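Each structure below is given as structure tokens.
Each of the next two complexes has chain A plus one more chain, namely chain B in the first and chain C in the second.
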Partner chain A sequence: MNASANVLSGDQTDALQEIANIGMGQAGDSIARIWQQFVELSVPRIAIVEADRIPALIHHFVGDGLVSAVRQAFHGGFRGEVLVVLNTGNRHELGALMGYDGPLEPHEEEEMLLDVANVLAGACIGGIARQLGADMGFSAPSLIGTDLDAHSVVRPDELSVATALCVEVCFNVKIHQLSAHLIALLPREEVAALGELLDRFLCTL
Partner chain B sequence: MSVSVLVVDDSPIARKMLRKALPADWDITVQEACNGQEAMLAYRAGKVDVMFLDLTMPTMDGFQVLETLQAEDLNCFVIVVSADVQPLARERALGMGAIAFVSKPVNAEGIRTVLREYGVMV
Partner chain C sequence: MDETTHLRLLGFIVERLEVGILAVDRQCRIVLWNRFMETHSGRLLDAVQGQNLFDCFPELPASWLKRKIDSVFVLGNYAFTSWEQRPFLFRFKHNRPITGGVDEMRQNCTFLPLRDASGEVKMVVLTLADYTDTALIQRRLQAAILESETERRKQRALLRRLQGAKAQLFQSEKLASIGQLAAGVAHEINNPVGFVTANLGSMERYLGDLTQLIGAYDAAATALPAAQAAAVQQIRQKLDYEFIREDLTALIKESREGLDHIRRIILDLKDFTRVDQDGWQAADLEKSCDSTLNVVWNELKYKAQIVKEYTHPPHPECIPGQINQVLMNLLVNAGHAIGDQGTITLRTGAQAGEPREVWVEVQDSGHGIAAGDLKRIFDPFFTTKAVGQGTGLGLSVSYSIMRRHGGRIEVRSEPGQGACFRLVLPVQRTEISDQSPPDGPDLAGEVSAEELLALEETDGR
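Take a look at the complex of A and B:
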């Protein structure tokens, strides 16, 4: 999926994909060190989507099955929001990887999910911003919910944007059947700022 | 005689960044491949001395290329260039015949150091 026509040029999209790839690699390394597991990385996917199509797109990325989701806003060189969506079939295995013993209390599960999201979002979006020479700040992550259908992770009427640039990367730990999807959503009006940063990056090549 | 270099990456920007980081004083001819299958076609055509290989690619990834090269008696220098900087990715790539592992984003000094360290470029 590479449908960012009319918003980013082909070169800008290619640059964003490669920069997201490097950011994803840094996030993968960060979470792999915590989980002490090899994490398989996907090829980043970029799309421009209307708000009412975002739930279907998230389902397309994540697939069937129940998920847990965390959101975290970022601001600086460009502004947006990250959704971290984890499959929750193996939440106890995730708990064990995160250093929790035994069944998780609800507050422990929330704390764990926020920690995972914070690590992935900070490393990935931070890595992207660093390559673009942009400063980036993050709000505190917040839990959207657990045991959600992928379609209900976000409701279009909750989004403040009509159109968004969506960048998705996926982290997989096969032996634990664990996957985490990081989906960055940028309001269309922020894409111009991102485009300027990408142009500056492209000028260095 | 110039050295034949193959740059394998699905990202045109990554291929451009890698080409820019290659030493200007290195006598080379450069080809590009955008996935593992294209890389293997170029390799089997017998015109690859040094391969710069990305790991995360659609169609045929870098690990699959290394596996195939090993099965076909690896006969070129493979330098993995990857955003996947996990220690296990590095170990796995080196264990599969790559001579070196370079983390993205690449820089000219890092590439030159690797080429000199492994005697690929004097």
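Take a look at the complex of A and C:
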């Protein structure tokens, strides 16, 4: 297997899909535990995408309507960025769940969005990394915006990579009408690092 | 580097780094508390070690923070707080006692899970970075952005008002120069009219003399021989002398009336333009109506019947030339609104109460004003007339003239039923502030000299 290749081989992709499935399952489980709510999870989708397709892809994932979006960088065994696109129906109930007292101030609402995104990103990336034996660090999440339409979550001219590996998963917390799409983007040159980790994982099987 | 040295070095860094570092165990008991935390909280490690974090610092937002720490224990993930959403976690004084500007230290916090060999999270480490400087800079930036944004908005509004004022100036200058021209022409005509009148007087006298002379001849004609008498009689009949004599008198009478009319028009024109006597004075609104009516008579005579309902109200202090200008705008508009045939009613009246006010109404039986247009007709350049027919300035100029007079212009109209404009003037002149009234049309206010200066300055930047 050519570890320096910029795309994953078939075996590697299969392994990543498997790891993502397991990782997301664990993530869902731990999120359910801290929120004491059943969390519905989609099967993760993996794709190589051109940067200029990313806005359309996000729209494809989340559909029409206004969303909030958060970005967060991760680093360690491999590095990249997570976009968490949130559709929060009942923000106040969600606020109570996160330990806020009373109705949310606008900045508290922002903080809550950041926190929800951080929890989801940490659980998902952490879940995948743990199986690969990689130790991940995260930088602080930052708010892209609230009440955005899906196309304007990222602008292609803001992206510094040409191609990216995209792992998408959708969360649903029914009771709180919270749905979130998590899109992990790996710049192409990081795919090799991930490939190596996957190879090592395949050897241990 | 051997392990002990390495550990000592790490210990030193944790202790002395200009970042707050603390750690808590699963029960939220404090296990680590570095120098930064000691200095800023005023609590030494000995005093807090082993104590519950929330017991030591009851001001912390307990329910929210407990959950946050819990989630780090359960998920093993990172967590963060940012000063932008949550200015601080610990209420610390900021590190700018002299040059301050904020009360509390702004903090960015990171929660790190600390796992043991089995992967279980045993502790949560909290780092706390001082972001006060960033926050201050950001605040200043935001203030600057806000300021320049307000400035820009003000400039835009000023520019729009300037444009409006320019257009109005143009319109009133045009009217003033037309007035001056008319006054000049009136003056020129005055001379020939004067001597024609004088000549006509002489002619009338001479005619009397001549008639008298012919009468005398008539009386003497009986003494003429029959043949000559017949010849004279024949000429007389041929020329129809009786008719000539009567007609001459009538012609002269009519000419005198014509001359009177010319003189009245000249007087009205002078009255209307008031080039000779500008400025504030008590003016008879009914006279203003009449002289203005004469000036625009040409445009109205074939289609409008004029009804006057005058009640002789007191004479308000005003600049008559300007009030005439307003009346002319209203009369011309009324004429336009009437298609073929209609009525224009001029009414005057006084209102009881303080301050005493008088009013003039110009009502027409024209097509009226659509409800949606009613609040826009005073806007500069608002016109429903064809290109070249209306500039849409008449009413906006009238509006500002009335405002300068401390009065107002009101309108009521039912589409299809005609329109009625009412000018209200205080009898006593009042001081007018320069501020545009909140309900006035956007651009009707004039731009003051200071504002113009300010505008030029910002333009030159």
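Some points to look at:
One rule holds in what follows: the second predicted complex is superposed on the first by the 183 of 205 C-alpha atoms of A that agree within 3 Å, B and C clash if a C-alpha of one lies under 4 Å from a C-alpha of the other, contacts with A are read in each partner's own complex, and residues count from 1 in each chain.
Rule of thumb we're sticking to: a contact is a pair of C-beta atoms (placed from the backbone, for glycine too) under 8 Å apart; a residue touches a chain by one contact, two chains touch by 3 or more.
Computed from a prediction, not measured in an experiment: that's the story for all the values here.
Look at A:15: by the touch rule set out above, it reaches chain B but stays clear of chain C. Once the two complexes are laid over each other on the shared chain, residue contacts for A:110 go to chain C alone; chain B is not touched. Residue contacts after overlaying the shared chain place A:140 against chain C, while chain B stays out of touching range.
In the superposed model, A:175 lies in contact with neither chain B nor chain C. When the two complexes are overlaid on their common chain A, residue A:38 makes contact with chain B while staying clear of chain C. In the superposition on chain A, no contact is made by A:203 with either chain B or chain C. Applying the stated contact rule after C-alpha superposition, one finds that A:29 touches chain B and leaves chain C untouched. Of the two partner chains, chain C is the only one touched by A:118; chain B is not.
Looking at chain A, you'll find no residue that touches chain B in one structure and chain C in the other.
Against chain A, the residues of chain C that register as touching in their complex are 63-68, 70-71, 74-82, 84-86, 108, 110, 119. By the touch criterion given at the top, residues 10-14, 16-17, 20, 56-58, 82-86, 88-89, 103-105 of chain B touch chain A in their complex. Interface residues of chain A, counted against chain C in their complex, comprise 30-31, 33-34, 98-101, 107-108, 110-111, 114-115, 118-119, 121-123, 126, 130, 137-138, 140-142.
Of all residues in chain A, only 11, 14-15, 17-18, 21-22, 24-26, 28-29, 32, 38-39, 41-43, 131, 202, 205 touch chain B in the complex they form.
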